[in-house]
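Each structure below appears as structure tokens.
Here subunit A shows up in two complexes: once beside subunit B, once beside subunit C.
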Partner chain A sequence: MDLLNLDLSGPQWGLVWPQLIVFLLAVVLVFADAFIPKHRSFEMLTGISIVGYLLALGALYWQHDKHAATFQGSFRADGLTVFLSLIILVAAIFSVLTSANYLKDYGERVPIGEYYILLAFSVLGALLVSSAGDLITIFVGIELTALATYVLTGYTKRNAQAVEGALKYFLLGIFASAILLYGMAWAYGLSGSTGLDNIRANVGAAVEGQEWFEASVLLALLLLIVGLGFKIAAVPFHMWTPDAYEGAPTPVTAYMSVIPKAAGFAAMIRLLVQGLGPLSEDWRWLIAVLAVLTMMLGNIVALSQRNLKRMLAYSSIAHTGYMMVGLAAYREGTGFGNDLENIIGTRGVSALLYYMLAYVFMNIGAFAVLTWIQARGRGVTLDDVSGLASTDPLPAAAMAVFMVSLMGIPPLIGFYAKYYVILAAMEADMLWLAIAVVLASGISAYFYLRVVAVMYFSSSDVTNTRSVRTPLLNASIILLVIGNLVLGLFSAGIVDLSEDWTNALTVAQTTDGADAAQVTNP
Partner chain B sequence: MELTANYFLGLSAALFIIGLMGVLIRRNVLIIFLCVELMTAAVGITFVTFSRETNTLDGQAFALFSIAVAAAEAAVGLALILAMSRRTRSVDIDDFRSLKD
Partner chain C sequence: MDRYLVLIPLLPLLASGFNLLVSRKYFPEKAHIFAILSVAGSFILSLLVFREIYDNEGPLHQHLWSWIASGRFHAEIGLFADQLTAVMLVMVTFVSLLVHIYSVGYMHGDASFYRFFSWLPLFVFTMLVLVLADNYLLIFFGWEGVGLCSYLLIGYYYKRRSAGNAAKKAFIVNRIGDVGFGLGIMLIFTTFGTISFAGEHGVFSELSHGDYSTKTLTAIGLLLFTGAVGKSAQFPLHVWLPDAMEGPTPVSALIHAATMVTAGIYLVARSNPIYMQAPDAMMVVAVIGAFTAFMGATIATVQNDIKRVVAYSTVSQLGYMALALGVGAWVTAIFHLVAHAFFKACLFLGSGSVIHGMHEEQDIQKMGGLRKFMPITFWTFLIASLANAGVFPFAGFWSKDEIITGAWESSIFPRFGDLLTVVALVTAFISAYYMFRLVFLTFFGKPRFDESKIHPHESPSIMTLPLVILAAVTIVFGAVGYPPDAGRFHKFLEPVFATAQHHEEAVIAETATHEEEAGETGAVAEAAEHEEGHHISNETIITFAVISTILALGGILLSWLVFMKRRIDPVAFAVDHPGLYNFLYKKWYIDEVYNAEVVFPMRRLAMYLWQIIDVKVIDGTLMGVARGFGDLSQGLRTLQTGLVRNYALAIALGMVLIIGIYFAAFSSLFR
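This part shows the complex of A and B:
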């Protein structure tokens, strides 16, 4: 019994800087909101938020060559942490830029400070999941992200649709969390530890030759995949997505289509690959089948949507499917241990990570243009963007870039993202999965190009009813367009960086003094 | 009769399934919410049982965390249900249908 073998030496704060900065940012925002005079709060809070996220992004640089664990192994600074945090922080900066002008517009009716505070806590939760070395950290992180997002969805509380979307999101979200928690309980029961390294060691050793054990491992796997399937909006657990996306204020939709999904995928990689990687032959088929269902259904239902927010909701479901292909392409050979020789197909997870970064630029971009249009008094249906190119050529051009990128046309970033996913599927001998990705992209061309056609070739019968200046939103759209055009061409370097994730699979050296990642049977 | 871990695991599985069925069958938002809380509490029993079985403390810590998270969920959830029921004068989930395809 090892109960008293606790290590009381302090944690290594030096490893935690990016996460710590975001936490401090949230605390600073709480106080700033209380003490800064009302008429200055918009500029101050937006500035503090952006500076905070940029500092955290800079601090990632010091984390990037570490491979260490602290807080008794429950916090890990490895390649996976760094790349996921990069995705989340970039998305956070663009979320702030996208929503700032919207908030100022609504400033009379809704509190600005709470928005940034909730956003910061939500980003912190996602960062915790990506750096988790322990089931508890994953669960608390994912709940922190989700709880803040429920509130943000219903942020304009006088809008009945927003509250309804938030309530539906909330009910299905906590239902999924309960299922996820039950899965974690079984994963813990089977391995006797909540540490992912210990789970990896013990499950792998115990699975061989015990049939009852195999059954309960499968139960745990099933519960974990169902619970996380809700979080990332995989079919058949996607019912909340269109309602929550449509109900939420558009900048919040931009944010919630990216960061909670990134947190869900982070949890999936940590749990399934890092924790339960030895069972990859058991879970990858399930993930592969769900991936095909997700991308097919998402794209087919999107065909019939005339509301662009709803269309993009189904499109984001389809993109979840493409990302899951990357996860399905992961496989570990027989045998077990810390040597990477046994692992074929680590490229799958790298492709997923690259896809998520590309998805940040494509999807936040599309919603940012919708926010731009809405700020000028238009709606978000296809009719509202009809003839947009003749009245507002620049936003129409930006929207065209995002649509074509989401569709996956070279040389935009969306093409490279799909290319790496397809390549990974083929390397893992899953040709049918690669073909499914291509077919699904073919279907998606129809509704993405329809938006472009309506903007450029239809006559305009809707005009802007308000004229407002939205400098931050414009800057965000321009940066996102540049990202879409340029990042694809430099994808080799980014993919190399994402390849570093594999050091998450080896036991990190701990800096606490104790051997927190001890891999012995309890 | 000796009380083994299996009885506790069975109890928590039964409670979990009762909660699950409640979520799927009942139409009252408050009842659905309570059923999810029941599921979370049931998982707590599983954690404590496994904690005793494997002689580790991780499970008990996790059970405490799950209770704290459930409390935070209750705060957010009841606020949302209140905001919704003020608007629709109803707590029936079938009345919340302004968003659909």
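This part shows the complex of A and C:
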């Protein structure tokens, strides 16, 4: 393996291509928006965005076997980076496809360019978090994603509900960011470094036997969890979610239910597993309890929602809970060190990663169908989809696939995602957590299936009031349905890829300056 | 070639999907074209596979993708073709192709023509997956798939109540066997740590390296055989097969005679390394097989529905195959399987032709003299009947004879072998009798139907052509098995059962050393024969060939005396012996016993579970829980006030609570 060489004179730009491409995309979009004539801007900007993200995906393939760090260890191109970036870029492509027709429709009243530019910066922020090896990078990435998302939430600025959602999101977001930053400050103060690998080494070495130190580390840890808990919408920091999701334009909701959440989980994995992994016995119980609260509350409150966007908001809270189970299943053995042999729960993180990819396909899919319905002049309540199957059988079928997948029924991708999470919980000896996932899924069946039932078995009293053509949106829905049907069957290969994340920990060894001979290529 | 293995099952699947989705709407009358073309393609590919394996002897392997990987458990989708697979592939695709062609004539004018030609290729797909699978789980997929297709096709005339019931019966009875098969797969996994049988780390290579307890292997063998009992209609789960005749006749020929019902035989043969180390399981297989052969044959002697006679004959012949498996005559079992597929498909298609010509009349008491109305059907039917009766030189003669000698010579349980041989010989006699009862009553004598109303006619050439081809194959197929136990067929299949053969020879060698003490010359002669590869002496073979030929001819003679010469009046005989007649006519009262002992108590239990347990206990609890969650949901949603300050308060409170609890409970600072 080509190991990192700390004596490099400058940063290795070669490692950074996927992230760099998205940055360049954002810049190009700014200029393109300024110079392309208005009547061409929709086609051009959509095309540039998709090509840009596809190029980044291509560069990602090229990056995937590099396993190295640069920029003094603050940028890391390891297995975790690659899989997280894959999730984010796939989500970005589907976000563009989902929102394109909506934007064109709205084109008279809102600037299209800004949307794509904000989206690109937000994606860039999420990519930065995924590849961060340093507290500062993580914070900058998180804030970049969040700031762009605040604006996107209130994108339809004449819509009072959108503005209300955006403002709530923004106010609470900066509150949480402050808590997160405070936690980071403690972590820095205790370890004397912002580098995750140094934090791992220093905290691990120092924590034994010093009571005040242990308490301080615990404080840092808890503050970080609270701050990031907001970003991923974990109970009790989830309250912004329904209002922001409902207020935002539906394609934006699709996007914000996935990418900022992915960024939040990326930060959590980086901070808790890579940085504070030696404390896993301290944090995994908290994560587990929060996971149960999150999935239970999300699913239970979703039962009484008639607005589908709100229902999906609570459902996304519940899915946060399932994903946290993967994190809670991570265990490092006692005895601090970077020895991979000590870690029993690596499959928990793999399960979380796979779940996030599955979630992209399920959740964007569900919102894409809602966008499709809205584009035809219907609302987004249960009554609006009543009898949809008789008037528009194909979107109804797609919606049914997404609902059933979210519920976790084989052979759809949602089943496999849940399966791996449950398996990870059981391997970590947390049977109760596995049972909680199953129970929560049982509750969720009611509101997911209710949508299907209403679409198929109720009579249609609402009809489409507009007829529009939405080719990109249709393509997006079709691709997402195929993804839901097929990716589960090929889950073994994807999980193999996600298990590469463990070299995030081995690359860390080289950054420490540890003996190069110890490094194994997993 | 191994890269194209996937095409063999894929083509029929595509045809099936195409017919179901496209043909249905746009050209329902043309659906057969795609089905026939796809199956013909599979047939050609199968021949290529066969040739390649014949030339190279090495098995072909194609790994498609990993389905599930979870810990040690790996479910792969992979295709595997060795000599056994190659034989099955050619047989399945060949008979399927002929049945497809025949069905064009038979199903002509049916209201849902496209539906028939959607399910039939789907069946071929699942059957080919079953045969090509490289692990037990994929076999199970094919196994359940053929079961489903069988269900769909038995119930093809779904408007007829009896067809619906027969379909359900087939499905449910098979389910009992499938439970055993499923448990067997689980036991295989826990024992060997893999469900794949082929390859370096497959079950069979594990078996040859490791030391496994005979008890476990016997349990696996018995569980797998439970599946085979269901699918291959062995006693006591044979009851579904005769009822399955409610389906269209081509379906009976393809699924319930030639292919699907032999899946159980294939499964046991495929698992031969397991059985060779589990002699008790083999004994069960042999005894059940012999009993089924005898029982099926006796029932067939008194049935009046032409298809039912052939169906019970199938049950009986499947029993023969199981007997061959049980006595360790693996190649012979497969030989008989293939020979049977040809002549039984011919018999069924011939029956179909008769039914077609007689305007849906199936009662042989209302036929007679059809020889002159439908000559082609008659001649082909006669040839197939001779094969089924085991008359020289037709395919069935060679294979049945080998089974009998195999049972006699079986080294696995010498004492039982003699008894099984006697049963097999008696059954051979009965088989000849019932087969020719059918032939005489149907084709000879005076017409017993109203000739002014029914005008029997020969079927169109699209139906008779497959009959002729199958009859021709039946005549010549015996040749590949000559000389007995050392023919081309045996040489070709030997590598598959090589491990089994080794084991058996080891046992024989052991007996030989014992004999050496008694008489040296005999042992030396026998040892010399072992080296040549066949251990059954020519004297034995010829003796049994003569005995079974005499028995078969005797059966035919008896049937001739009874039904042609009327030396014995069958009706008077039945009246004189009502007990025996009813016992056979009512199929040994097995259905009645099941109804009284299984179905009725189950129904009572189901009623109890439904009305008391389900409605009151479970529904009551569920509704209560559901209502509870609904109320909880309503309560919790009021927390969402919509006010930012409350949200912020929740975050702050949450933070304080978490930190407080952690510090109070876990940190030693405050202790």
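The rule is simple: the second predicted complex is superposed on the first by the 498 of 522 C-alpha atoms of A that agree within 3 Å, B and C clash if a C-alpha of one lies under 4 Å from a C-alpha of the other, contacts with A are read in each partner's own complex, and residues count from 1 in each chain.
Here is the rule we use: a contact is a pair of C-beta atoms (placed from the backbone, for glycine too) under 8 Å apart; a residue touches a chain by one contact, two chains touch by 3 or more.
A quick note: this is a predicted structure, and the numbers were derived from the prediction, not measured.
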Touch test for A:V140: subunit B only (first), subunit C only (second), both, or neither? first
In the superposed arrangement, does A:L286 touch subunit B (first), subunit C (second), both or neither? second
Touching partner for A:V51 - first (subunit B), second (subunit C), both, neither: neither
Taking the superposition on A as described, I'd like to know which of subunit B and subunit C A:I482 touches: first, second, both or neither. neither
Check the residue A:K168 against both partner chains and state whether it touches subunit B (first), subunit C (second), both, or neither. both
One more residue to check, A:V27. First (subunit B), second (subunit C), both or neither? neither
Subunit B versus subunit C as contact partner of A:P242, first or second or both or neither: both
Is there a shared patch on subunit A that both subunit B and subunit C touch, and which residues make it up? 167-168, 171, 175, 179, 242-243, 301, 304-305
Subunit C to subunit A touching residues, read off their complex: 65-71, 74, 626, 629-630, 632-634, 636-637, 639-640, 642, 644, 646-648, 650-651, 653-655, 658-659, 662-663, 666-669
What residues of subunit A sit close enough to touch subunit C in their complex? 167-168, 171-172, 175-176, 179, 211-212, 214-215, 218-219, 222-223, 225-226, 229-230, 236-237, 239-240, 242-243, 282, 286, 297, 300-305, 419-420, 423, 427, 443, 446, 489-493, 495-496
Footprint of subunit B on subunit A - complex, ascending: 1-3, 135-136, 139-140, 143, 147, 150-151, 154, 157, 160-161, 163-168, 170-171, 174-175, 177-179, 181-182, 184-186, 188-189, 192-195, 242-243, 246-247, 301, 304-305, 310, 522
Touching subunit A in the complex: which residues of subunit B? 16, 19, 23, 29, 32-33, 36, 39-40, 42-43, 46-47, 49-50, 53-59, 61-62, 65-66, 69, 72-73, 76-77, 80-81, 83-84, 87-88, 93, 96, 98-101
